[in-house]
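Heads up, there are several structures right after this.
What follows is a pair of complexes built around chain A, which joins chain B in one and chain C in the other.
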Partner chain A sequence: MADAIAYSGLSKTYGRGRDALTAVRETTLSVPWGQVIGLLGPNGAGKTTIIKMTAGLITPTSGTVRIGGSDIRRDRAEAVRLIGAVLEGSRNVYWPMSAWENLLYFGRLKGLRGAEVRPRARRLLTELGLWERRHQVVGGFSRGMQQKVAVAAALITDPRILLLDEPTLGLDVEAARTVRDWIARLARDEGKTIVLTTHQLQVAQELSDRIAVIREGEIIADLPTAELLARHAENRFEVRLDAPLDGLRASIPEGARVSEDGAETRIVLPDADTGALYEFLDRLKESGAPLTAVARAQPSLEEIFIRLVHDEPAGGRVA
Partner chain B sequence: MTRFLVAIGNEISKGLRFAWSERLQILIELPMFGVFILLLGPLLGAGADIVGGDVAWRLDNHTTSVMLVWFLPFMFFYMQVVKMFWRLLAEIQTGTIEQVYLSPLPSWLVIAAGRIVAALIETIVVAAGTFAIVAPFTDIRIDWSPAALLPASMIMLAGTGVSLIIAGATLVWKRIQLVNDTVLTMVMLFSASAIPLIAVPGWWAAIGHFFPLTDGVGSLYRTLFTDQPVTDPWGVGGLVWLIVVSLAYLAAGIAAFGLGERTAKRRGTLGRY
Partner chain C sequence: MTTVTIPVAADRGARQVRLWANEVGKGMRLLRRRWPMAVVGVLMDAAVYLGVNFFLGGGRIVTELMVLTLPALLAVAIAQVLAVEGSGGIAEEINGGTLEQAQLSPIAATTDVLGRVTALALQGLAAAAVLATGFLAVFGLHYEPHPSAVVPALLIVLDAVGYGLVIIALTVRVASIGAITHVFNMVIMFFGGMIVPIAVFPDALEAAARLIPTAVGVQALNTTLAGEPLSAAWADGTLPLLLAHTAVFVAVGLWAYARNLRRAKREGGLSPR
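On to the complex of A and B.
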């Protein structure tokens, strides 16, 4: 069975000559059915270009995109039938129309009949808490509600693949949480294949089975999320104090990293030598420093991401 | 086939939904055409009187009737081109066009066909309103003939072609309002050579054949005001010019739209303003 998404030698260069800008370079990657892949990268890394090439909205300079085995350029109709998308920087739905009208419109646009669309629209609007306001124009909704309508419109044909480009961008905390919970539910309960781009790395870590980091159009790391975290896990200890370091500096083992945030101090010991740890803890005890935590050091996805985009990739698949 | 019909119905319904939301604008536009005819009518063919400062402000039945046959096709052109341009531009600005392109149906169907039919329905409303405004001022005399359906159909095809050319150009260059206005003005001015109200030089009439409306209006004039059959092949409004020019504009429109679409996708600017 063909993968949900397969990129082969995918490249995109905008413009020509001296003004040419390569947004995506020779990307080859496959996403199996049911997987949630997070595409992470700084602004201008090529994430949106990849998403739009996946949807057939941008023509690649070279290479192919296959959706469920169908080439997005040659078998566009077959390929887009499998896709629903919420695109960044776009309204995605018509603001002068109501939520109900939007869902009916997009359902029919994608080849469904009214009788097929209506029950789905009802279910989606109910689940997203918009049923009572279904006949109000979307332009009058809050940003979070508009994004919910956009998600519902993307799901109206029950597509097997969802392309979500910054789906929580600009949403308040509560709306972002609703959209995030929905994405998690779609992946967990409905087995959707999801390509997600976001700058909120916590969201990516929470939702993605796999993370691909893009830098200047190149995939520099591509691993299952747990493996990416494990590969970058540090065999070190982290000690947290609820006090500034001040007079304790002399007690810190050589090579330790210290970061202070207000009254809190975080000390990462250079290796996993428990002897050194106990020795350091003894010194802290003697000084009466208020210890708040001792744990094995685990960098967050954000730390790993920053290291990857600024340095050479450490471990994992290097594109 | 059913999916196609559902999709066309869907686009027409959306187009009319937007037309309804622009009803105030249409209501403002509607009397403009009527007022234009009422003001221009007394001046046409009265050059000497104008120079002498002695214009009789009254409408001539025949002149006004011929003007209507000139103006109503132009209104169709105007509505097709202007509505297609502004609505497409609005979809590009808001980014909804990218969602429309995620349809498995052919893009000419979802982007163009529904909008064309919606604009046609709007035009009928505006044309009826214009007729209703002008009719009380003079006795409109147009001898209706089924033969007029041929030039009317060709005018629709040519108008569709021109709106597709504009749509293709809008996908690529976005802000082409000035081009639209220029095209529409030229179409109107050159189509004047098809009716015997304004004297135009020979070169003007010759060039006029290559504009999309001229022979349509000429053929309508022949059919509705003269004894000439619609099948006469040559001259202004001749069958050969009518069919060749109309179909050529339709073909050029389909090609230009496809080219514009491919260019926008290649440049990555489909949904970028």
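On to the complex of A and C.
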């Protein structure tokens, strides 16, 4: 069975001559069915270009994109049946039309009949909490509600593949959480294949089975999320306390890294010496410090991302 | 979750018709939301037309001239809706990202744009109907049309559709199309027979004016509105020229739209500007 998405030697260069700008270079990558892949990269790295080439909205300079085995350029009608997309920086839906009219329009646009679209539109709007306001124009909705309508429109034909380019961008905390929970549900319960770009690395870490880091149009890392985190786990111990450091500074081993976040203190010991760890824990016990965790030091995806983007040599690929 | 099966190839033709109808429906829904703008457009056309007639009449309305130029006003109303609303609509869709979403469907570029212009043509016809009803009622204009007048009338609408298609295609390629559209519309207004019939122009100017969208159609229509059969319009060369003009504009418009869409995809130009 063909992969959900397969890029082969995919490149995109905008402009010509001196003004030429290569946005994506020789990208070869496959996404199996049901996988959530997070495409991470700084602004201008080429994430949106990849998403749009996947959807057939930007024509590659070279290489191919296959969706469920169908070439997006040659078998467009076949390929786009499998895709739903929420694109960055776009309204995605018609603001002068109501949520209901939008879903009916986009469902029919994909080739479905009204009778097939209506029950599905009803269900999506109900689940997203928009049913009562279905006949109001989308332009009058809050940003979060507008994004929910865009997500619903992308899902109206139950596509097996979702392309989500910064789906939580510009949303308030609650709306972002709703959209995030929905993405998690779609991946977990419905087995959707999802390509996700986001600058919110916590969201990417939470939702993605796999992370691909892009820098200047090149994929410099491509690993399952757990493996990426494990590879960057440090050979040191980390101790967490539910208290400020205050009177404990003298007890901290030399070379330890200390960070405080509100009431929580994180201390990364200088090495993996278990003797030194027990010694330190004894001192904490004596002082009555409220210990919350002892673990192998694990940098966050954000820390790993920054290291990869800034330190990984050009031309290398972690995979 | 219920799995929805989308038919693939079996009824491709019927599906394109459904997709076209879906585009027409969308266009009509969007029109419903901006009807005040359409009303303002009709009032502006009527005011300009009356003002020019009053000016040419030296301070009075010349109904004899109006009988000859009213068909051109109606043609201008349709052409303006197609060009201005068509161009504005597609620009808004590019900026809003909905044109990109439309590409994520099996709809052919030509079906998509034909759906858009069909809705606009209906809007233009509604505007023309309001103007015609108003002027006929208020000024008591009288026509004795030959039944075949419906043929050049329909061809004028198609010619205006062709013009709209060309402008829409240009909008996909040229970001600052607004000024160009305005100039084209003014040319149609002044040299398309709305001020005076183009037959009164010097020969060279009349020949050039006949190439302007809807102008030669108005000449053919005026022939049949005067009670002459279609054969008279054929014999004086206006009907063949109208057929050719319409065919060329529609074909060029469809071709240019599909081509500019492909080009925009190569250049990333479908994204918000």
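Note that in this section the second predicted complex is superposed on the first by the 265 of 319 C-alpha atoms of A that agree within 3 Å, B and C clash if a C-alpha of one lies under 4 Å from a C-alpha of the other, contacts with A are read in each partner's own complex, and residues count from 1 in each chain.
Here, a residue touches a chain if its C-beta (ideal position, glycine included) is under 8 Å from a C-beta of that chain, and two chains touch if they have at least 3 such contacts.
Since this is a predicted model, take the numbers as computed values, not measurements.
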Clash-or-fit label for the pair chain B, chain C on chain A: clash
Which of chain B and chain C A:Phe280 touches, first, second, both or neither: neither
Touching partner for A:Phe305 - first (chain B), second (chain C), both, neither: neither
Chain B versus chain C as contact partner of A:Val80, first or second or both or neither: both
Partner chain(s) touched by A:Tyr7 [first = chain B, second = chain C, both, neither]: neither
Partner chain(s) touched by A:Phe141 [first = chain B, second = chain C, both, neither]: neither
Chain B versus chain C as contact partner of A:Leu109, first or second or both or neither: both
Chain B versus chain C as contact partner of A:Gly56, first or second or both or neither: both
Common interface positions of chain A, toward chain B and toward chain C: 14, 49, 52, 55-59, 76-78, 80-81, 83-85, 87, 89-97, 101, 105-106, 108-111, 113, 153
Of chain C, residues touching chain A in the complex: 1-4, 6-8, 15, 18-19, 22, 25-26, 29-30, 33-34, 96-98, 100-107, 262, 265-268, 270-272
List of chain B residues in touch with chain A within their complex: 2-3, 6-7, 9-10, 13-14, 17-18, 21, 94-96, 98-105, 110, 262, 265-268, 270-271
Residue ranges of chain A in contact with chain C within the complex: 14, 49, 52, 55-59, 76-78, 80-81, 83-85, 87, 89-97, 101, 105-106, 108-113, 116, 119-120, 137, 153, 157-158, 190
Complex interface listing, chain A residues touching chain B: 12, 14, 23, 49, 52, 55-59, 76-78, 80-81, 83-85, 87, 89-97, 101, 105-106, 108-111, 113-114, 153
